[in-house]
Amino acid sequence: MSTRFKEAFQEFWRLNVSKIGVVFLTVLVILSIYVVVSYPLDFGVRYWNNPLYWADYPKSAPPSWVNYFSNEKIPEHYTFSSIKPSNTLLTESGIRLIYLFKLDFQADKTPTFLSLTVKNVTYYDKPVIIRLNVTRPDGKNIELYRYTVPAPYVDESPPYKRFYDQSKRISLTGDLSVASILARFLSREYNVTIKPSEVNSIGQHKIIFSIPKGDTQFTVLKGDYTFYIIVDTYDSRDSVGEVKLVVGGDVYGFMGTDSLGRDLSVGLLFGFPIALFIGIVTSTITTLLGAGLGIMGGYIGGKLDEVIQRTADFVNNIPLLPLLIFLAFILGQNLWIIVFLLVVFGWPTLTIIVRSMVLQLKSGQFIEAAIAIGAPRWWIMFRHIFPQVAPFIFAQLIFFTPTFILLEAALSFLGLGDPTMPTWGQILEYGFRSGGIYVGLWWWIIPPGLLIIWTAITFVLIALGMEPVVNPRLRRMK
Amino acid sequence: MGLARTLFMRALTLITVLVLVIFFMVLVLGATGTSDKILQAMVNEEIMMLRQSLAKTIKDPQELERVINIRKQELTEFYGLTKPWYVRLPDMAWRVLTLELGKARTLKTFAGGNKVSDIVMERLTNTIILVTSATVISAIVGLVLGVRIATRVGGILDRLSSYFSAISYAIPTWWIGIILILVFAFLLRLFPFGGLYSTPPPSDPYMKFLDIIWHAVLPVTTLVIASIGVWIYTTRTIVLNTAQEDFVNAARARGLPEELVRRRYIMRVAAPPILTNVILGLATSISGAILTETVFNWPGLGRLFYDAVLVMDEVVVIALTYIFTLVYVVARFLLEVLYVILDPRVRY
Amino acid sequence: MLMILLELNQLKLYYTTIRGVVRAVDNVDLNVEAGEAVGLVGESGCGKTSMANAIIKMLPNNVALYEGRIILDGLNIVDLPEDEVRRKVRWRQISIVFQGAMNVLNPVIKVGHQVAEPLIIHGEMDRDEAYKIAREKMKLVGLHEEVFNRYPHELSGGMKQRVVIAMALVMNPKIVILDEPTSALDVSIQAQIMNLLKKLKRELNISMIFITHDIALASDISDKIAVMYAGQIVEIGSAEQVLISPKHPYTQKLLKATPKLTGEEKPEFIPGTPPDLVNPPSGCRFHPRCPYVMDICREREPRRFEPEKGQKTMCWLYGGET
């Protein structure tokens, strides 16, 4: 048995397609294991499909490496955060915490947004005041924002805790007070008269990162920017957990983001274990069920065989996709239901083939010999028939896998995927439905498709490599 | 003598399949409570309309409520909502069978009607345009190339086509469509993003025809790319297997000219199984077009199906599932008939 | 009537396979006279069918070598262009009844038309005329009128074989090659077909090359018997000579392996395995299985000796001089 296996493997390994397939599969498995180990189980619900989590990410941003291919440099995405102030000053009223963030800005376009987030603020006496100032490369200083943490409620006693459950995110872009400050700044420094509402429509972040050229034109101001987050506290026990400043870019990471700002590399990575799971689990159950029914029907025969054959014939005669969609639609979108449905529609092909193989084997002498010595039915099926058809079944298992991966992707693309788990098909679906293809968001559309193809091809290659191993056995059986 | 009987038996089997599918669908609908939901929605809609019309004549709110409640009771009775779903089953099956599924909830015909059968019929033509042209093109190209390759086994074309068909097995059709849109519609601006014709459509019928063709190029190409590999490969295999049969060699031994051998002894014999593929391909691609039509916003049955799923219009989803099965089963039957005509071996 | 119709001279047909070159027909000499039936006997895989194909130049794609002379009507078929072989030789002069009649008929064409087809193509006859002749031939081989309009799958094995025979006769060829014409049939049908063939030979006075693995069957119809081993004709002589006093040890073994109706003798097996045509044994190809093997047999290929007039054999036992 083991030498037979070794020989078969050598035969398989001889072909280049097998080697490529195995290498591909190894990479897929490693990536999947990484995801399973490092991602939380509720990744889909808690992070992926939670827009709040992605608020500080640039929307529809291409991958950052596009900058290597374009003359005009698109701004990168900068996130500054700190749990410890860079400086503490003693003032007459209390302690001033200063957080300092430096940014060497060299892109040819202004950032896309600006936001400030604070987390876990505690105060005992008066509400803490948070301010944001910026010093630009031209030496000009702007006091951008001032925020007082909500005062104590009636009956609330110190310490007053704020923004523990949910951090406070202040979007400077779109904030009218920032707009007025910037309008005053422009008229004071550059003699440009512009209404706060106009600043708001141009974008606060744009004004901050540029100098006016005429009344309506702005040119990007490159160089060193220093952002100061100044927190004035009135009690020595007052504290701030974390401050975060985001200078929104227009490129992001290795794979870019979608229209909700979700980091596609994170979602695409999560797709690996799901695709492998659906492909392999569905295929395994389908093949085992299909082969099992085929062996039983073929060997036992009679009424059982009749029932199995009729059912297989029936399932084979109905159009797969519409009924799959119908059932996924009615029964609900859940990973296990999808796997179940794929199995229900998948088994007959194999059952029909295996049954005819078993019918031929059944008349073989070794089976008759086994019957003659009184071996029980299940023993014959398991020990004598199964090993004969096993190589073929295994090849079918591999061969079916891409079909199921593609079917799940198709269902997902139609909006029938499991919403708690992002898959490549779902990412594509959202990209399609939200109009990503019509504005050419290629980084959103191409990678998930390529990953689906890559995964499917891996199994096709292995199946191709297995063909010469399995086929001579088949021929011998005929 | 046996011909009619064979066909009759096949027809019977396929009708059984159809009936079973409907029965199964109805079972699922009933057991999951979806059927109750649909009927309830129908009752509610009628009540709503009734309320609007009665509100003008009956001014007393209490009287109005009373009248409406009576009507509601009648309707609930009429639709069988008082009975459990399994009692309603036969009626329900009949409704599906005759497409008397009432009105779509949100989807409409192009003219604005909402009768399910009207919506379906309207879209059917568009699907047929798309699917048949794609299948005809793939069939012609696939047959010609397949036969050519079969005569030059092991050549470059042969290897290329087998790689291609292996790869196309792993590529989702709809993704090809998306990529075509990205390249030819977005990047090169050569073809439209989707739809059946421009808005507003050209008034000149000839121009309108060209406009439709212009819109059909990308979706048809998608379907062709997706299926051509399989076409070439199957044709090649079938022709090759036939060419290796003894009777082909025997015909050559009889000194029959090669041309005649190829036509009458290879192609004629290979035709029935190849034809099986054509029709089966056609039947499956009608439902397979669900995805392609969705991608290209082609107003056929497939896109309708997607829209229905999207807006949760159960009535339309059910109707379409039934139509797809029907088309498939009818195509299978036509296939049997043609096969019997072409291949004398199955006439028994 | 010593008129030589067909003369094979040093005929060779080699194929290329993954394992190497298969020497299926290796230096074969054979004459077929008018009205004579030659039985070509040998184990399966000894090159009998290849020889039949070689005679009508039906060569597979992997031919490595095809040379020698096949003289028919003063023409050498080996050198004749394919198109001329097709038009002048096949079916007009030489026809074949292929092995396994089940598969040699086109399943989608009515058998009558298939029989008549060569007439329409080669004889440039119109359809009615051709059909008339085809009907006659089918009647000659004992087929009922109505078979003409049947499809192959509607016929029994024996009927199909008769159709194939009728087909072989339709152009009145000089030579019919019968390749295992009865091997796929039931024994009773086999006898019927043999009787038919004997009748045809008698009535039509055509030459036959009767290929079989069954020497007893060959003896039933043949005037001359050629025994083939590993691509070579190792013994040839009149049927009587070969059957009664076989010279080559292989022929002797072959005869002993045939069950007989009379006598106590039990059939014997020929020891050893059939030779590998890719790497045939050195010297005499039969030597690994030969009970009388001598040193010379291992080293040199035997020439053709004639121990009795008209009976030739390739065996050193009869090579008196060295």
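By written order: A, B and C. Residues from 1 in each chain.
In this section, contacts are C-beta pairs under 8 Å (C-beta built on N, C-alpha and C of every residue); 3 or more make two chains touch, one makes a residue touch a chain.
The model shown is predicted, which means the values in this text are computed figures rather than measured ones.
The fewest steps needed to get from subunit B to subunit C, moving only between touching chains, is 1. Highest C-beta contact pair count among chain pairs: A-B. The most central chain, judged by the distance from its Cα centroid to the centroid of all protein Cα atoms shown, is B.
Using mean Cα coordinates as chain centres, the one most removed from subunit A is C.
Note on chain placement: the centre of subunit B and the centre of subunit C lie 57 Å apart, centres being C-alpha means. With centres defined as mean CA coordinates, subunit B is found 32 Å away from subunit A.
In this assembly, the C-alpha centroid of subunit A lies 72 Å from the C-alpha centroid of subunit C. Across the complex, subunit A meets subunit B through its residues 314, 317-323, 325-327, 329-331, 402, 406, 409-410, 413-416, 428, 432, 437-440, 442, 445-446, 449, 452-453, 456-457, 459-460, 464. Residues of subunit B that touch subunit C in their complex: 245-247, 249-257, 260, 264-265, 268-269, 272, 342-345. On the subunit B side of its complex with subunit A, the touching residues are 13-14, 17, 20-21, 25, 28-29, 32, 34, 166-167, 169-172, 174-175, 178-179, 181-182, 186-187, 193, 283-284, 287-288, 290-291, 294-295, 305-306, 309-310, 314, 317-318, 320-321, 324-325, 327-329, 332.
Within the complex formed with subunit B, the residues of subunit C that make contact are 56, 58, 86-87, 89-92, 95-96, 98, 100, 103-109, 117-118, 121-122, 151, 153, 167.
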